[in-house]
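Chains here go by letter, A, B, C and D, matching the order in which they are written, and residues are numbered from 1 within each.
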Amino acid sequence: MKTEVFTLPNGSDITLTTYILDTSEEMPNMKIRPAVLVCPGGGYSACSDREAEPVAMAFLAQGYNAFVLRYSVGKGKAAFPRPLEDAEAALELIRMNAGKWSVDKNKIAVIGFSAGGHLAAALAAMGRVRPNAVILGYPCILSSIGDVLVEPVPSITDYVDAKTPPAFIFASSEDTCVPIENSLAFATALDKAKVPFEMHIFEKGNHGFSLATPVVCSNRTALEANRFAKQWFSMCMDWLNNLFAIG
Amino acid sequence: MKTEVFTLPNGSDITLTTYILDTSEEMPNMKIRPAVLVCPGGGYSACSDREAEPVAMAFLAQGYNAFVLRYSVGKGKAAFPRPLEDAEAALELIRMNAGKWSVDKNKIAVIGFSAGGHLAAALAAMGRVRPNAVILGYPCILSSIGDVLVEPVPSITDYVDAKTPPAFIFASSEDTCVPIENSLAFATALDKAKVPFEMHIFEKGNHGFSLATPVVCSNRTALEANRFAKQWFSMCMDWLNNLFAIG
Amino acid sequence: MKTEVFTLPNGSDITLTTYILDTSEEMPNMKIRPAVLVCPGGGYSACSDREAEPVAMAFLAQGYNAFVLRYSVGKGKAAFPRPLEDAEAALELIRMNAGKWSVDKNKIAVIGFSAGGHLAAALAAMGRVRPNAVILGYPCILSSIGDVLVEPVPSITDYVDAKTPPAFIFASSEDTCVPIENSLAFATALDKAKVPFEMHIFEKGNHGFSLATPVVCSNRTALEANRFAKQWFSMCMDWLNNLFAIG
Amino acid sequence: MKTEVFTLPNGSDITLTTYILDTSEEMPNMKIRPAVLVCPGGGYSACSDREAEPVAMAFLAQGYNAFVLRYSVGKGKAAFPRPLEDAEAALELIRMNAGKWSVDKNKIAVIGFSAGGHLAAALAAMGRVRPNAVILGYPCILSSIGDVLVEPVPSITDYVDAKTPPAFIFASSEDTCVPIENSLAFATALDKAKVPFEMHIFEKGNHGFSLATPVVCSNRTALEANRFAKQWFSMCMDWLNNLFAIG
């Protein structure tokens, strides 16, 4: 396994952390691996550690190579479309290095949480380059969510098109930070554009539950509140492995 | 365990089949039980056995008493609101016999599939009497679905109100019989009315997957196609037991 | 679904309660069903309700027909081999009525808990007639367990033979009532006789956890103590359905 | 995340690969982490990649830091107790660097597979230093297994004592390479020494199934054969997290 941090040309603080698993003659069907690009949340004012390395680890354990993007954040810097340009650059870098990094360039998913979900959705629906699957955790989608972000954002629903890849959405309907109408609106847009999708809206779950594991939940109360929502990950892997014909 | 078939005054072919579990001093917390009223699907032209007794059994195994309603179906007979009147009568009968049938009258869920989902949603949103929770499997919701039903139906979304109980919805987005917009529209209406809800939309799954078990799937192909969607039941029990404070 | 109570010729208080699911043209692969014979525990001094109907329900929900045996119990009456004769009579009655009860006579499992596990193991290893699979929950196996039973019992390990059907065993190693050496000894005997088996020994779990569901656990403490052990049932169904080629 | 390879003083080809997760102020309960020492199998003639990095990844995803030991293997070099000395040195190195590597020195489990299971069991029962938990996958335990190993080995059952840490064992009873009597004998020895243990013996499963994921299974046939046995990992984490009071 090899981990490196690359600085993207987009800015001195825009980094892509790569997690590349070893290959082995003993594991012939994983010489070329599917991959995931992770966009942590943080209201476009930061990139949360809770939705960065732990998420990469969850996918690495499933045999995926993983990449964590720390994109443009903060007042001014996060002005759209700068974060989208960062994500496009990251995806291009991964595809360019697919051979070196043992990545199947046609099996790259992007996953984003909250504001990072807005970014992942933007890459999927508006990107100059597109991922092969998109996974959204309690995503910001609509411009109306701008109030909780540092900069205004476009409604991604306006851009969903036939080139948008299959999508997996998860969230909780009691989320008081990002209203569930964001996920519902995105699913409705996908349905209209005939893009295949799966969506799991749990009733219970705090905003930002990430993987809902002991790693990312700092106490029993949080683990308890998110104990049902935690199931998103195994369902996501069922869905993604089926899409990518893994296993 | 005691099973009986009651004919409702609504019509000679309108029946309620009751499944009442034995009580025991050894199981003190299940002397009064939660209950479920099952509305099978069948396009308002029949009541499918695949969504009747097997569904009752799944809930009985969780300690719920169960009731299967065979409501008004067929051209003419199924004209709205006749099926709704049947469901109201069934719910009233259960509440009236709550003592005799060891049912907690404040813990009665209704579950409906497809056209039976339309009926269950109608009972939840329009009923003269209401259940305490509603569970909808790949439900018909919108009047636009009328084409596949024997009689026109109202859009239940027009009636969702503050008295509508918490809802659990499951479906598959690739369903070619009942478009997924039905579930999406109902969830959107619940969200607007501030009714708590949970919704699981799998990408894969044939219309009418019911419990997706060997009992209701007649071959390997069907089991395989519905293997992910099958998870709805355990998530439904998590949700319902949490709502009803069971366990 | 039809439930009846039959008194066996073995004694006026020896009963077999039958739970026969309805058949339907819509469920063609479940016209002839696999079945389970349930032997509740109770130290050969009683038959516990907690390991009777709730267990039948769990199997009914999987499409099995179910039969609960209330066998000879109490000082004197439970003297071996009287309970075994009851179980043999019950199994013969089921096979004799296989056609009427829609049972596949070659797909009949027996399940027993604690002292009922001793009985189920006896039927499997010593019976004049044998079931097609045996499932043992925290079973009494060795004569050394006689102290906690009302009558002495033989060690079933002495009788395991090539005709003993495949076995599934579950228990907890912290059980202070029936020592885990009982399960270990039985598995060792099966291994020596080359009988296929599966065994799940959880560390945590109170004696008599049954299904470890809210139905049979009377409080949160019990549910919490048995939350891991609860997984035996789904693994048991994986194993049994695979053995019986169901699904 | 930081990965390094350390050569142990025991020999130029004895290495410890370290996987140390990043810490973060946002994840306060994972600043000091539990850890796992992984001993791959390979008949004491090699260390299998299939039971090395993929296993480390599975634990990293649960918030554990991980260490893979490549111990003395091959005719002559693997002569007991050389591999045990390697494992002792590895465990000492981890405890010595606990501060630097953010490891809780009282929450270190060792996991071993097949011959690596023999080594892990030896460390747990005979080690000069001992781990805090031991996890054994289809382990070699008895000297009778020597035929399939490059060097004779002692029966670990002879050494189980009160200092042996709690154990988790998993295997399949149809394993034709390492007879299941090895696991049964070890559990029996643990029981006699009153060491807490959990053991899951699946009927189905090929020898060397590792995590039974698409990463380590090279085709559908292998995935299918091991689909039940695959459940060991989540039960192992339930058990280990409970033991280590994680979550």
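One rule holds for everything that comes next: contacts are C-beta pairs under 8 Å (C-beta built on N, C-alpha and C of every residue); 3 or more make two chains touch, one makes a residue touch a chain.
Note that this is a predicted model, so its numbers are computed, not measured.
Contacts with chain A and chain B are shared by no chain at all. Distance from the chain C centre to the chain D centre is 35 Å, each centre being the mean of its Cα atoms. Chain D has its Cα centroid 33 Å from the Cα centroid of chain A. Centroids of chain A and chain C (each the mean of its C-alpha atoms) stand 48 Å apart.
Not a single residue in chain D touches at least two other chains. If you sketch which chains touch which, the chains form one closed loop in which each chain touches exactly two neighbours. Within the complex formed with chain D, the chain A residues making contact are 1-3, 19, 21-22, 24-30, 48-50, 53-54, 57-58, 60-63, 213-220, 223, 241, 246-247.
Within the complex, the chain D residues that touch chain C are 166, 173-174, 179-181, 184, 187-188, 191, 196-204, 228, 231, 235, 238-239, 242.
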